[in-house]
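Okay, so chain A shows up in both of these, paired with chain B first and chain C after.
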Partner chain A sequence: MSNKNTEYGVELRNVTKRFGDLTAVDDIDLAVRDGEFLVLLGPSGCGKTTTLRMIAGLEVPTDGTIEMHGSDVTEKLPQKRDLSMVFQNYALYPHKTVEDNLRFPLGKMDITEEEATEKVEYATELLGIEDLLDKKPGQLSGGQRQRVALGRTIVREPNLFLMDEPLSNLDAKLRVNTRSELKDLQQQLGTTTVYVTHDQEEAMSIADRIVIMDDGQIQQIGTPQEVYKNPANEFVASFLGEPGMNFVQTAASSNGSVHAQITEPVDLEVSVEGDVPHSKVGVRPQDVWVGPGNSPGAPRDNGYVEISKMRLETIDPLGHSYELRLERGDHSIIALSDDVPGQVGDEVDVAFNRSSIHVFGENTEALSVKP
Partner chain B sequence: MSVISQTKQRYDNLTIKQKEVYLGYALILPSVLLVAITLVYPLLYNFYLSFTEVPLTPAESPEWIGLENYMTLISDPDFLVALRNTFIFTLFSDIGATVIGLGVALLFTKEFFGRRLARGVVLLPYIAPLIASAFVWQWIWDPTYGVGQFFFADLLGLYDSGTDLRNSLTMVIVFESWRYFPFAFLLILARLQSIPDELYEAAKVDGASRWARFRDITLPELKYVIATVFLIRWIWNFNVFADVWLFTRDVPVLGVFVYQTGFNQFEQGIAAATSMIMLVFLMLFVAIYVTWVIEW
Partner chain C sequence: MIGLLMAAVRESIQTTKSVFSGAFRQSQIESTLFDRLVLYGCVGLTLFFVLFPFYWMVVTSIIPSTELYRLPPAVIPTEFTFDHFREIMDAQVPFYIYFFNSFVVAVISSAMAVGISIFGAYSFARLEYPGRAFMVRGVLLSYMIAGILMVVPIFQIVVWLGLVDTLTSVVLTHFIFTIPLGLYLLGNYFRSIPKEIEEAGLIDGYSRVEVLLRITIPMSVPAIVAVFLYSFLLSWNEYLYASIFLNTQELYTLPIGIEFLQFEFDDVWGEIMAASMLTTIPVVIMFLYLEKYMMAGLSFGSMD
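And now, the complex of A and B:
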């Protein structure tokens, strides 16, 4: 039996995977804590699925090692790793009934027929799919198939669940419902789960910790709040949030103070610790204030600092608010606003919330900011 | 009013749906005529001939003799041998070609160096002209000069040197399996390549062995294509003439029997009756097969 006392269920050390000339995963270190719900998030081609498949044993790393509960499994076959996996298209066996699909993983275990039946019954009750047992996958709806695939994953009660975009084939509403059920299920069973998705909202809502990947490398690991509030670099900052973060070039300055440069340098009244060279500031659209051009100015009392006058280019109503696109010269800023500050073509005042300004260094890394 | 303008008037008064129906009939009419002339008429005429004695000169008409041709056939040992041969030949050459085709197709699911070239080579038996293949095979198994004879009898001692294998039913079955396995291979490979990898990966994660993956995923996914290949080959093999005739004159199957009876002995009534019996057997087989095996 595996030792459940180790803090880390799965550990990847210096893992690299190359396919010919393409480096899909580039020297990553990753430790999955026992019992946690870890989400690998990133754009397509970032290496998240390859990482998952290496944990599953469906791909063998080109370099590096993978350990599970302290023992090296790098070269072990998937069936020897005590894990189960949900595939993007569910991969239900089309010629078997739901019951036989659920029973299939049990066939390879050293248990009696009665025990197998009990396990199948437990899983079907947990997922509420008792009515589907005699049907074939082709007769099921997308949501039902997804449940059966989950059932097949949990029936064996493995040490680790792996899920490769399991909700991406469901329609929007079902996806939202299912993801909270999935989270509940995982908490109920307490099984370590590694979950791959490209949907940041899904990742935010479901994860204990999120691993953000790009270009084969891990960009940041943290709780959903951490990665959103304190992005480690420009990539994470721009990838999370919808619409994405605004970036503005900074002007050279001394003693760590930060000046945004849209037309002429504007003092943002924040500074970076240690007087490190910086190149950009980032502000989320929610933290941009837009006011009519003849207004008395930005609400300084609320911590806003005025940036520039800009032209209101588009107004997109989103229902709960408006998405505004503002331009000045080559610069473009997106703002989310509760009301419309003017008409398209008007000159408006634009201000940033000082407490929400991110500053990035010359290598795109986030710098710590003093107010 | 002229007839033409009356007809046109009547046509114009039809609903769109009725016009479409007439258009449909008009479009299939050429095919229906073609089938009627080349299939239906000969079939019915053959059915009629099977109850007659057909004179050698076209000036006389066939003489109605009722079931006598059929009576002659079921007491004719040559016919019974041909019938038996046909069943054995059809069954085993069909199984042979399908199993070899499946095996070779499975080899092609993995990437390997020169796969495209190998795929082309595998198709050769099917592409090569029958007459060439048949003669090459005759030479290979020639009891005096044949390379097959040299290798299997002289070198390996698997059978007595000088034995002529060419005239056996077994060799015809081997020849036919070899010649048509690429057909099974092509269809099976096409289906194999469309089985999603995810299924195999899921099975691996679920702990299934290689054999279990073949039995539980590959075979069920291939069921219909294998069943279809088997059915098509069965129909072709049952009616076989040229393949057997060119390879050996010593293995009478029903196709050969019909040819010899009709065009060597000029017993065309009996030949017609034999064809009818073949047709009935084939129809029975297809009906049973489609009902119970393919479950259409």
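And now, the complex of A and C:
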């Protein structure tokens, strides 16, 4: 049975892609579940687009295999994979009208003219682009082009949608609206979707699971909550979240207890397995408490542990809160705070939320923390 | 025919007008009368130098020969005649025979050049295979070689093929000389088309050849028209090879036909200019007609 039913719509095994000396994708394993919305997230050049293009069949892996529903498609041509793709620049056919753009993918299907018309009508209705049918791509706005590109993707009702940064050319507001529509659309159609983006907020809001990639390798796979709350390593921890996570060196310790060191070692009252001489502590800016220097101290009862006194260097109002930059010696910490604890130049107290402390070992891997 | 010509002329006048008004909309703010005089002066001078020979050709073809030799020459003619046209049509080998020969040679050789260039250029632009870079450069190199250097080798090949004194030999030669530029122009144009548009076609279920025929070629109409026009003009005006390969007068193409007129007529300038007129008009019409296709594609907007 070549078409055995598996849980996974798409499976990549030991896939590597090299372009000359450059290794774009380095021995990755990835399984996309049927019907899920999977987002490949990472900085530019991390190999996410190459991975998507290999799934599409536009690139052939240097090594490894790709399976779809149990059958090997590693070297199958894109037109035989029953998938569709939205490109970053939409890649609409400029010489065809919107209607012909939508009809084009149907031309190779074994359906009658009436069925094709029905499908086009269904897609245009779903996306609300009925009034654009006679126009050419050059006459459309960015948002309209994006919709047409999406229409061309769904009209054929393939097994798999691939999307390569489909929202990156839209302006901020439209991007946010479109991404929730996109999510709705995917749930409505139930089609497995692999989506590439470098925008973590987009990934968080849209994904069932996120695959975080860096340097051609998969750093972590998990739900948005998992990768945010329990980053597998320093890269994931620093890549997710805005502003990024603070890192503080630890001091030598024993019995697995962790001491952060800004001036002198401070016992964070958390511990890890074994002794870790070269570890780092990570705390997100929203888990940093900042209080006036002569205050009664950090809200210990709320689970905070005081770290050090630091100088308040800058205060950036963000609207909903303030971004504070705190410094002491070479150390710098970013905190998000609802109110302003003092003026620029003031000495303030800085405390970390104990339950939100991450500890990373020698090889940047996350260590499990015991309070 | 006349309607087409008029429409084309009207269109190019419109284009010219809009270009000029564009130039002056800008200068309304900044330019002085002097600026404008200089601009008009330069444009006028250029037009005079470019157009006066054509004007003289037209005049010479429609005045009696006696008028032609008057001193001082009459810039604005007073007597008109179509005798020169009549004479070249009534000659032993009527002029339209040359016309027909040239047309056949030019159409076939440029159609071949366009057809082969499309596939060759696509392979240069999009496909990966060993030796591609060498071939791309080699094609350009062959374009650099002066035509006269190739006369002897090509003549030897034509003799070997048994094609001396046939139009086929001329078709093949013109094809050989136009194809490098065709490959080069179309190759560059294909490269300028975003790869993603073709990839979208592949993903939409079409093979590479289908994508080429249904997406790449329709998008490349301007470049294809340019290559066709270039090939057609080169073939239409080519003298050297045609004069070497063709011996029978009935097979002559226009440039040799015009040259041959001087052996047939005594007072030859009127006839030659009439023949030149007839040679020029179709090219002008074709250019005016095809020009809009060369412009049409430049304002595509499928991409951001």
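To be clear about the criterion, the second predicted complex is superposed on the first by the 360 of 371 C-alpha atoms of A that agree within 3 Å, B and C clash if a C-alpha of one lies under 4 Å from a C-alpha of the other, contacts with A are read in each partner's own complex, and residues count from 1 in each chain.
As a convention for this text, contacts are C-beta pairs under 8 Å (C-beta built on N, C-alpha and C of every residue); 3 or more make two chains touch, one makes a residue touch a chain.
Keep in mind that this is a model prediction, so the values were computed, not measured.
Chemist: Put chain B and chain C onto chain A via the superposition and say whether they clash or fit.
Modeler: Overlaying the two structures gives a clash between chain B and chain C.
Chemist: Answer with first, second, both or neither: which of chain B and chain C does A:Pro105 touch in the superposed model?
Modeler: It touches chain B and chain C both.
Chemist: Regarding the shared-chain residue A:Gly138, is it in contact with chain B (first), chain C (second), both, or neither?
Modeler: Once the two structures are laid over each other on A, A:Gly138 reaches chain C alone.
Chemist: Which holds for A:Asn169: it touches chain B only (first), chain C only (second), both, or neither?
Modeler: After superposing on A, A:Asn169 lies in contact with chain C but is clear of chain B.
Chemist: Quick one: classify A:Gly216 as touching chain B (first), chain C (second), both or neither.
Modeler: Neither: A:Gly216 stays clear of chain B and chain C.
Chemist: For chain A, which side has the bigger count of touched residues, chain B or chain C?
Modeler: Comparing chain B with chain C, the partner touching more chain A residues is C.
Chemist: Now for A:Gly151: first (chain B), second (chain C), both, or neither, which partner does it touch?
Modeler: After superposing on A, A:Gly151 lies clear of both chain B and chain C.
Chemist: From the superposed pair, tell me which chain A residues show up as contacts to chain B and also as contacts to chain C.
Modeler: 56-58, 77-79, 83-85, 87-89, 91, 93-95, 104-105, 107-109, 152, 156
Chemist: In the complex formed with chain A, which residues of chain C make contact?
Modeler: 194, 196-197, 199-207, 215, 218-219, 297, 299-304
Chemist: Flag every residue of chain A that touches chain C in the complex, lowest number first.
Modeler: Touching chain C from chain A are residues 56-58, 77-79, 83-85, 87-95, 104-105, 107-109, 136-139, 142, 145, 152, 156, 169.
Chemist: Please give the residue numbers of chain B that touch chain A in the complex, ascending.
Modeler: Chain B residues touching chain A: 196, 198-199, 201-208, 212, 216-217, 220-221, 223.
Chemist: Could you list, by residue number, the parts of chain A that touch chain B in their complex?
Modeler: Chain A reaches chain B through residues 56-58, 77-79, 83-85, 87-89, 91, 93-96, 104-105, 107-109, 152, 156.
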